[in-house]
Structure formats: C-alpha cells, structure tokens
Amino acid sequence: MDKLKIAIVGATGVIGQQFVVALQDHPWFEISTLAASKKSAGKKYLEAIKNPETGAVRWFCDNQPKQDLLEMNVEDATKLNLGDIDVIFSAVESKVARELEPKYAKRKPVVSTASAFRYEKDVPILVPGVNSEHVKMIDVQRKKRGWKGFITTQPNCTTTGLVITLKPLKDIFSLKKVIMTSMQAISGGGRSPGVAALDIIENVIPYIPEEEEKVQLETKKILGKYVGNKIEASKIKVSCTCTRVNVIDGHMEAVFVSMGRDCTIEEVKKAFEKFGDDLKSLKLPSAPEKMIVVKDNPFRPQPRLDRNTYDGMATTVGRIRKDEALINGIKYVLLSHNTKMGAAKGAVFVTEYLKKAGYV
Amino acid sequence: MDKLKIAIVGATGVIGQQFVVALQDHPWFEISTLAASKKSAGKKYLEAIKNPETGAVRWFCDNQPKQDLLEMNVEDATKLNLGDIDVIFSAVESKVARELEPKYAKRKPVVSTASAFRYEKDVPILVPGVNSEHVKMIDVQRKKRGWKGFITTQPNCTTTGLVITLKPLKDIFSLKKVIMTSMQAISGGGRSPGVAALDIIENVIPYIPEEEEKVQLETKKILGKYVGNKIEASKIKVSCTCTRVNVIDGHMEAVFVSMGRDCTIEEVKKAFEKFGDDLKSLKLPSAPEKMIVVKDNPFRPQPRLDRNTYDGMATTVGRIRKDEALINGIKYVLLSHNTKMGAAKGAVFVTEYLKKAGYV
Amino acid sequence: MDKLKIAIVGATGVIGQQFVVALQDHPWFEISTLAASKKSAGKKYLEAIKNPETGAVRWFCDNQPKQDLLEMNVEDATKLNLGDIDVIFSAVESKVARELEPKYAKRKPVVSTASAFRYEKDVPILVPGVNSEHVKMIDVQRKKRGWKGFITTQPNCTTTGLVITLKPLKDIFSLKKVIMTSMQAISGGGRSPGVAALDIIENVIPYIPEEEEKVQLETKKILGKYVGNKIEASKIKVSCTCTRVNVIDGHMEAVFVSMGRDCTIEEVKKAFEKFGDDLKSLKLPSAPEKMIVVKDNPFRPQPRLDRNTYDGMATTVGRIRKDEALINGIKYVLLSHNTKMGAAKGAVFVTEYLKKAGYV
Amino acid sequence: MDKLKIAIVGATGVIGQQFVVALQDHPWFEISTLAASKKSAGKKYLEAIKNPETGAVRWFCDNQPKQDLLEMNVEDATKLNLGDIDVIFSAVESKVARELEPKYAKRKPVVSTASAFRYEKDVPILVPGVNSEHVKMIDVQRKKRGWKGFITTQPNCTTTGLVITLKPLKDIFSLKKVIMTSMQAISGGGRSPGVAALDIIENVIPYIPEEEEKVQLETKKILGKYVGNKIEASKIKVSCTCTRVNVIDGHMEAVFVSMGRDCTIEEVKKAFEKFGDDLKSLKLPSAPEKMIVVKDNPFRPQPRLDRNTYDGMATTVGRIRKDEALINGIKYVLLSHNTKMGAAKGAVFVTEYLKKAGYV
C-alpha cells in the first residue's frame, strides 16, 4: 500500500511538532511537506525550530524528530504546492486558519485543530466512535461550497474526554444534564508565551477565556444527530467551569450527569468499558486498545500517572458514584491527554477513520 | 476587662500552633495553658515543638510565637487542671477528641476543630452569621448531658466557605440543589506526614477520603433550622467531588446552584456583598471587614493572590454566571483559607461570638 | 521635614509597582510623579496597569496601591517635567535606560535598577554598608560628565545577597576565592512574558543568559576600593553557575569561599551577625534590623519560609561549615529576596543613605 | 543460555519495585523470588503492594509489573531459601540490610542499594566503567570473611553522576579539587513518608542529612586505586552542598573542578563523549549507548527533559566552561536519573558486569 502524502501546516509550533511525532513512523501516512509562516519558509526544519536569539532548538515533545525531517525544507504555507499532497493537517492559529484552510480545501482534505471552522454548520467536529456518522457532513460541505477537498475539525481539548464519556451514557441511559468542572493542564495554553510561571505556580486560575462556551457548544454539536443533511445539536443541557491547574499535561474533569433513567454504578462502569468496541474491527493504528479505561482505585485517575494510558489516546475514568443532587444522577472524574488524544494524535486518529471511510 | 483564660489542647500540632498565633495578641483572650500528649508534657513549649531527631524547631505558621509562650510548660492533656481555665480550644485528632473533650466539657466550654462530635445531634457546628441561632443547642446539650461546660465544633475546612456563600442565596432566593467541585490545598491534609510531595507535584488527586460525605452532611446541618430544641437538617440536595491540587493554602470551590426563583447576576452579587452586615455591630475582633468579597476580574479569586483577604477570614467569590443546566441556575467560584477561617482562627471567631452571646 | 518629591519612571512594570509599594507610605519620600512609555501616558495609573485586552488590573505585589496613586495621571517618561522632582527612580529596561537616564541625570539624581550604566567606570553600584564609600564616585561622575544630577545603580538581584555576606568575610578574614551556585526564583525573570510555566514546572533550568558574567563583574566592583577618584575592582576570584528553580521569590545561593587565613565557624557566624551594626545609627527607614540573619537550624534558610525576614531586606544565612576543598575554606547557603532587597526596596534603601550622605 | 535466578529483597518498596521493572524482561536474569518483611510475607505480590487501609495499589514506577509477578507469593526476607537463587538484589533500609545481607552473602552474591556496608574497607562500591577494577575486592572480601557469596554496593544516587563525569577528567587531565552543589529530586527522599509536599512546594531545602558526607566519602573511594588487595582512596579534595528542589526525578549538579593541567573546553567535551567506549564491547543489556551525553544548548540538561536519556542510564552534561576561581578550573552541570542509573537499574547494570567478569 502506498502511503498517503501528508502536509503539516504550522509545523514549527507545538501542535505542529506533535503532528511530526505522531506521523513520522505512521504505517499509512508519510510526511511529504512541512509548512509554516514566511519567517520560517526556506529554512531547514531544524533551523526553523531554533530560537532566533539564542540558537537553542525549541522542541516540545518527548519523542525526537527524525533526521530526514530535520533536514526537510520548510515551505511557505501561503504558497503550498497542493498537487502532491493527499491530506493537510492544519495546526495554525484560528485567524490564519480562517484564511488558509478554505484555500487548501478547494482541492484537498484538511484536518484542522484550529477552532476557525468548528462552529460552521456544514463542518463536522469528528471524534471516532462518538459521532462517526457526522462524517457525512463532508459530502454536504463539498456540495455546498463546491470544494474538491473539505475541512474537518478537532474539538477543543477539554471537549474530547467529555464527549467520549458522555456518548455511552447518552446511548444507554439517555442524558439530560451535564455539569462539569475542569482542572486543565498548562500545555493547553500553548507556548508563545503560554501560561506564565508566576501566574500558575502554587495556584489555580479559575478562568480560561472562551473555553466554557466552546466546550458547551461543541458537546451539544458532537452529541447531536445527523438528520437530513444537517447536524441537529443535542438538547442536553451542559454547564462548565474551566480552571487551570499546575499540571503539565492532562486535563482532569469532575463530571455530574443527570440521566433519563436510573442506573447502577456497575451499569455505568460497563457502559464505559464497552464503549468503542465496534471501532476495533477497523484496526486504526492510533486507536487505543480501549477508548475508556475505568479505574477502581478511588485515588485515580491522576494526570501525572494516567495521562499516557495507551499512549495518551485513552480517556481514563474513576470515582463513579451516585450523585445525590441530580435526578438519576451519576458523578465521575475523567482524565484526557490534552496534547495527544486532545490534539495532533487525535487528528491523526480521525484521519485514519476518514481513510477507512473512503474520504482520504 | 479581664481576659478569658484559654487552654490550647494539641498545642504542638499544626492547628494548635495556629491557635497560638491567633490568640497570642488577642484583646479578649489570653493563653494560660498549652497542653499536648504525654510525649510533650513537662517540656517547655519550644522544646516540645522541636523535631526529636534533628533538634530543628518545627513551626508551621508565618507568624512566630512569642517568647513567653515558648517558655511556657506544656501540660499533659489528660491531666488538665480545669479550675483556672475559661475556654478550651481542642486541636487534637478525632480519636483523642472523643475521649478528652467530654471530660473537659463536664466543667468547661470546649471549642473543637476535631470532627469527633460534629455529627452528634445536640452538638452544633457554628459559623457566625450563618447559623448563629444554633448556639441554642448548647443549652439543650448541657441539659441532656448534665454538663456545666459544652462542646461546640468547627466545620470541615471545605464546608466553611461553601456555607458562607450558600447562606445568603438560601435566605434571599431559596436554595434547591448544590453541586460543588473542590480544588483543595495540601495544608488541609495535615503534617504528619501530610500529603507526600511525590503524590501531588505536577498532579491532581481526585479523592480525599471521607471529605465529600463530611461536606454534604455538614452543609445540610449548618443550613438547617433550629426548631423545638433540635436542628432540622436542610432539605437542600448537595453533591460534591473533592480533589487535592498543588497549592499550599486556600481551598477553591466551583459551585453550581439551583435556586427557588430566578435571579440576576447583580442580585446574587449584592446578596454576597451584603452578607454579614448584621455581624458588624458585634465588633468581634476576628471578624473580617466583609464576610464575602466579590471579585469582578474573571481571573480571580486565585489561591495564592486572594487567600489572605482580610487576614484569611473573608471568603472570596468570583465568576458569578448563569448556569444553563440547572433550574434557576447560578454558578460561581469561591476561595476560603483552610487554615485560617477554616480552622483555628475560625474557632476563635466563633468563641468571640459565644462571648457576646454569653456562653463563655 | 518636607518630604522629597519622587518620580517613578517605568511605574507600570513589576519593579515600578514595587517602587510604588515601597514609597507610598515612606516617611522621607513622597511619590509626586508616575511616568511610563507613551502607551500609558495620559491615562490614570489604574487604567495604565490594566490588561488592554481583558481589562483586568495587573498588579503584581502583595501590598495594594493607595487610591490617590491609582488616580494619578501617568506622565510620558520622555517628557518629564524635572523641575519639581527631587529624585528619580528608574525601573525601565536597559535599552530605554540608556537613553532616558542621562537626560534626567543632567539635572537630577537618578537611582536605577537597570543595568545600562552599571558597568561604567564612574557609576557606582551601591549597597549600603557594603561599599558606602563608593558614593564618592558621584562627585567624580558629576565633574566628568558636567551633570547637576547623577546616576547610581543597583546590583543584579543575585549579586546583592552575595556581596552582603562576602563583605564581612573580606574585612575580617581577607577573601581569595568565591565559588557560587545560585538557585534563583522566577520573579527575577520579569513578567512579559517572564519564565514560561511549561519550562520551569517540575524542573530546573541551568542557565540564565548573561547572569553569571554580571554577578562576577559586579561582585568585584562592589568589593573594590575607592582610591584616587577611582573604584579599583577587587582581585578576588569569583566563579558562578546560575540556575533557575521553581520558586516564586527569593534567590538561594550555595557559596564556597577561600579566605586569607584560617577561621572557625563561630568566628564566621559572629562576623555575619555583627555586619551592618554601624549602619544602625543612621536610622534609615528601610534598613532591616539586622543586615544578615544567621540560622542555626540546618534546614534553613528556605525561600518560602525566610525570604520575608525583616520585610525582605535581610540576607538569611545558614549551613556555615568548613569546606574541605579550598584553602581556609568555608561554605554556607544564603537567601536574599530578589524583588525586595534585590530590587525596588533596595534602591529606596540606597536613596535613604544618599539623603543622609547629603547627595539628595 | 539459562537465565540467572534473582531474588529481590525489599520487593514491595520503591526501589524494590524499580528492580521488578528493571528485571522482568531481562535477557540474562529472571525474577524467581520476591521477598519482604513479615508483614507482607505469604501474600501475593499484588496484595502486598496494596495500601492496607484503602486497598489501593501503591505502584510507583511508570512501567507496570507483569501479571505473573503480581501473582507471585512474597517470601519472608528473614527465611529466604537461598538454594535456588543465583543473585540477591537488596533494596531494604540500612538497618535491615546490616542484619540480612551478611546472612545471604555467606552463600550467595548480594548487590545492594543500601548504605549499610558501603563504607567497609573490603566492600566495593561499583560503577561499571568508572572503577571496574574494584571488582577484585570481592575476592579479598570472600577470603577475609569466609563467604561463598559476597556483598557489593551501589553509591548514593548523588555520587553516581558525579563520579561518572569525574573519572574521564581524572584520567586525562588529573584532578585536584571538586566543588559541587546538588539540586536533588524528591524521589531520592523515598516514600514512607518521603518529602512532605508542604516542605518542598515553591521552595528549596538546603540540607539533606548525611548526604554531603556520603558523596564526599564515596567519590574518593570510587575514584581510588585498587592496590595490593586494598582500595586506596583518592587524594582529590571534594566538597559539596546538597539541596532538595521541587523536581520529581533527576539530580542536577553544578560542578567546579580544578585539574592537574590546563585544558580546553573542547578537550573536556571530548573526554566526556569518549568515556565508556571500552565498555561497549561487553554488550551489557542495561548499558546506555553513551555513558555521558554532552549538550551544546546552554539551557540543557534539564531534569524534566533529559533525565530519561537512554532510558535514564546516561549522565547528561552541559554548560562546560572555564572556571575563573580555581587553578586549571572547569565548571559544568550534570544530570543523572536518581532512581534509574542511580538506583535499581544501576545495580542491574553492575550485575551484568559481574556476570561478564565471572562473579555471578
């Protein structure tokens, strides 16, 4: 099988680097183009990721990039030669995404971690196993916009773990209300300059601008139904408080849900553990062995100990208990790796699904 | 005015030391006795707080103890001479409290931070301004147990800030449901050995044994009514998830409430800001200038920046918003200093109220 | 006594804010002018310190600014009306300092925390009690440059604690070599953007650009002699490794010194404790009760517990031991508050000395 | 090749668990016995590592133990059946080691991470490549004590990285003085209870009891010569200050050395990079690809980014510079993984060497 040729746009940034790591040994995909802003264009990748003042290499992932990638020339993202590219992974900021992504999408598939098009009606926010059927919006989108390619988007990193755990609850018990408080890692705040140490050390910050609105909106869209060429947002009521804590990677969320019918802890546990079983037959290379891992130890999940479960692709859940305040209430705690399943690797996972589904 | 003579039992521990700091310059009270376990009895206080192996002084408060206290002899808590003592502050662990406190209470008032008697029907959990009327349970208790003295208790440090903010909401808007996720400081975990650095650094721990049950139970008791010589627990439904974060002092709580009627953000803000105004006329020395301080800056309150508001006696509130999931829902974030208002200084505050009310 | 009229230039930045806090209740000085860049000029101080995007007040000190200062108009630093000003505190970055400070100095005294003029031969780096005699360089400078005013500078915050402890050793035992490893707080890295949380959490950074060179150079200059209208740099050999650790405030330094003669631990301790006694008669308002506080507890000093000794103006020393590698070797650990004695408050302290010495 | 049968004594503790991880997939060794105190004896390993109160599994390594090990019965360490065991790894505390290890050594080889026998004249402290020749002390020891087995020990985790970097300097340039300040991770403080979070968060502790003496003594012993059936301690002067910082794993050390002759940065770099090349031919499974990795980026090494270089078995060095205070002075920074190369995995590495050398 010939590997699909991949362009990573925004390749020098944190998420871009995560794409490099997620793709450099991929069995189905092969990085053929690294693109970035004019400032980096024309340089070798190794040069482009150096701090211009100190000359120090700024590499933010645990895994190192391969030598041949370091020597690859970085292209100007505004002048990409799309001919030889099969899929474009877009890791640029939203403002830039709004300009570049439609240009690419005219001709090629774009899988984006930016929020630029996430809330457009004909653009799906895909999470394999949760709303695989939304993939059909791509056909609607192509038709409507007259594109040969398309844009599909990743959810906000805080939404990912939430919808993965809500989906089985919704399917089995029906879901009425969701109340969630997040304790988010600083890596979600990006890099330039990112969260200042003086702000977060020995501290909690109770506000992340626009985060709560995104999570509430995306959750309802992702859990919505594809009906008649449209995604009908779910009627579930969702309310969040999003905070930042002194953790490097891994978003923890304390979730309280009200369901359509009474259920036992054991039923909920089983629902979580079975979730994603139907994905297995697809043998997607980035799929975790289990989409949701349930911990019985009440002290788990913990960000530092559990974020890398199945290489950061599983959502870890613990502390499943009855909730006494909500009707048919259940509460639990979840942990999702915000820069793996919640970002680049999650986008690669989606693209694997798109390939199986015939869209790339 | 003659100062009341105070005994601090458990004086060598963290909370005992906080009592020393809170009382050593008090206008109404004067420390006349420091008591601890047999191990410390007979030693000077300075010697008793030294690490027996290294000889290093183990003092855990920012404020230093005065010289005359350091030279005071530590008494054996099991053999306290109660004759000259007006009030006993008990800072011992619950098991010890269960034994010692009733012995003291036969003759003298005991104000306890231990949980040993907190859930007994005739023992109030007092928070001035929130449930001052529960002070009458002291009379019931005395009668029932045949004591000259009495026991009154402090809430769990996580309950304190919660009930202070819930009380005005309950009084003005009526309160139906409370859903709360706490992000608690490590100083709440005590000292010997306390939270291990290896467990909490760059991490969140989603479980604090028994904490949620305590908060749920205490909140309903404190917000209950004193009717016919009984405290009738409130019918409000309360559900919590209590987590530990990498913060030294200051418990943050993300609260979602459902109220009896609709209300505006402004009304809620005003309710918070007015709360405690009636306490002012009592001029209690430890009372904060405002019981609740509302922050408009959405990035506040933060533990490191706001925990010491009014010397750690105020509850700081921010991010008051409409909640979309609950009926007449409001959500907000609060911060309460767990080792000041939530512990020793809070107990001193209660005792000031007891004096005004004629109980000590 | 009429208070001296003070201008704070760079008043909106972190050090500028520290000047505000250090000066707003000062018995000898009074803030008459707040100045900053064009961007802030014309605004009220309260408006000028707000984040332009979120509107949130960005105040970085524990102590709050007074209301009248918040309402003061911020002046354009390039157009300062020098007529009514007695002393200018300069808290701007070095590039800006290089331009502005000479303009001010033509007419008025400038006390600067910037490094711009620190290494010029006729500009002293003053630390009261350590090199008070260097104040005479001001006369030389005025003469040479034809200025009515002058520029005097503060050392790098890492140099301050070091020279304070080295001075008594040099005077009493003579000093040959100094080897120092610093563990510096992140507040020394400034604010915009400052040290990134992703870089320092659960980590140590072994390099702070230019820091070691500064400390080595400044130590020799400050410990130098004023001879014949010149400061002759000390011949002491100084070598440092400067690292950044996960601490908010307070630079710790592990120091190894080789002295001119053998000495006992007790002698060294006494030398530290007596240091600064001669300053006392001057009754400078910002002077700490003791310049150096010696801790016998081997676990001290610690940044979080000891940085605020005498309101952050004392240098705390501990672990004085014989060193086995150097000739007449002694080793110890010191702690100095980098944003108090090591920055704005240290500059106020110097200015108090300048007033007593008749220079302002 | 038949695998050697291994007993891990102290298997339930932190280092014991690290032995399990280091040995469970080892090509030459096979865990046949897990032993611990009476309290654990008779239980399955999985049960023995559970917290007795909460039932929660206490596993401290990133890598998980295999199922068959979890089901293995834990033996009573005082009643070990030595017949079937080829090598005993001892991970018990020093007091226990003093009793148990000689009993084992009468019959079998003991490789110990405890300090109990580290300073006995006939017991080597082995670091492969640094003092491989000290292995001959085993023969002396056996003869002197009449043992069939023997005891060999691991250095303190702070000594390991230091001697690895000093050895090539000593061999090539001759070494006179070593001055070192360590910034040590909290995992070196063990687990029960280990470093308290309240002590180390946002802090540095400038003292680790007995650590400096150990490092100074061990460095001279390890760098000593095996002459005439004795290890003659090196005459190098060594002085340390050991501090604890807020880092999970990885000891950083700022080192200043005085050498016997002048040398260039390039020579030093080369000396580091070549070190250990002769070990390669032995093909020891746990040997890192390079014993010392030199970083040119001045911001490196950093504990969080570099501790896992070659799976935690390499010592990372950076910031090699001329030192201006010492004769022929060089300074650098090193990083060594304290719970991998500095503990269990380091002991496995030694044992691999012992096998090649015919001692096990």
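For reference, chains read A, B, C and D in written order, and residue numbers begin at 1 within each chain.
In this section, contacts are C-beta pairs under 8 Å (C-beta built on N, C-alpha and C of every residue); 3 or more make two chains touch, one makes a residue touch a chain.
Quick caveat, the model's predicted, so the values are computed rather than measured.
In terms of C-beta pairs in contact, the better-connected of the chain pairs A-B and B-D is A-B.
Subunit A and subunit D, compared by their mean Cα positions, are separated by 41 Å. Remark: subunit A and subunit B have CA centroids separated by 42 Å (rounded to whole angstrom). Centre-to-centre separation of subunit B and subunit D, using mean CA positions: 47 Å. Residue positions of subunit A with contacts to 2 or more other chains are 54, 201-202, 209, 246, 248, 298-299, 304. Under the stated contact rule, the graph of chain-to-chain touches is complete, every pair of chains being in contact. Subunit C meets subunit D in the complex at residues 177-179, 181, 183, 201-207, 209, 216, 237-239, 241, 243, 245-248, 252, 254, 256, 298-305, 318-319, 323-326, 329, 331, 333.
Taken together, the subunit D residues at the contact with subunit B in this complex read 54, 60, 186-187, 189, 191, 193-202, 209, 246, 248.
Put simply, subunit A touches subunit D in their complex at residues 54, 56-57, 62, 201-202, 248, 297-299, 304, 308.
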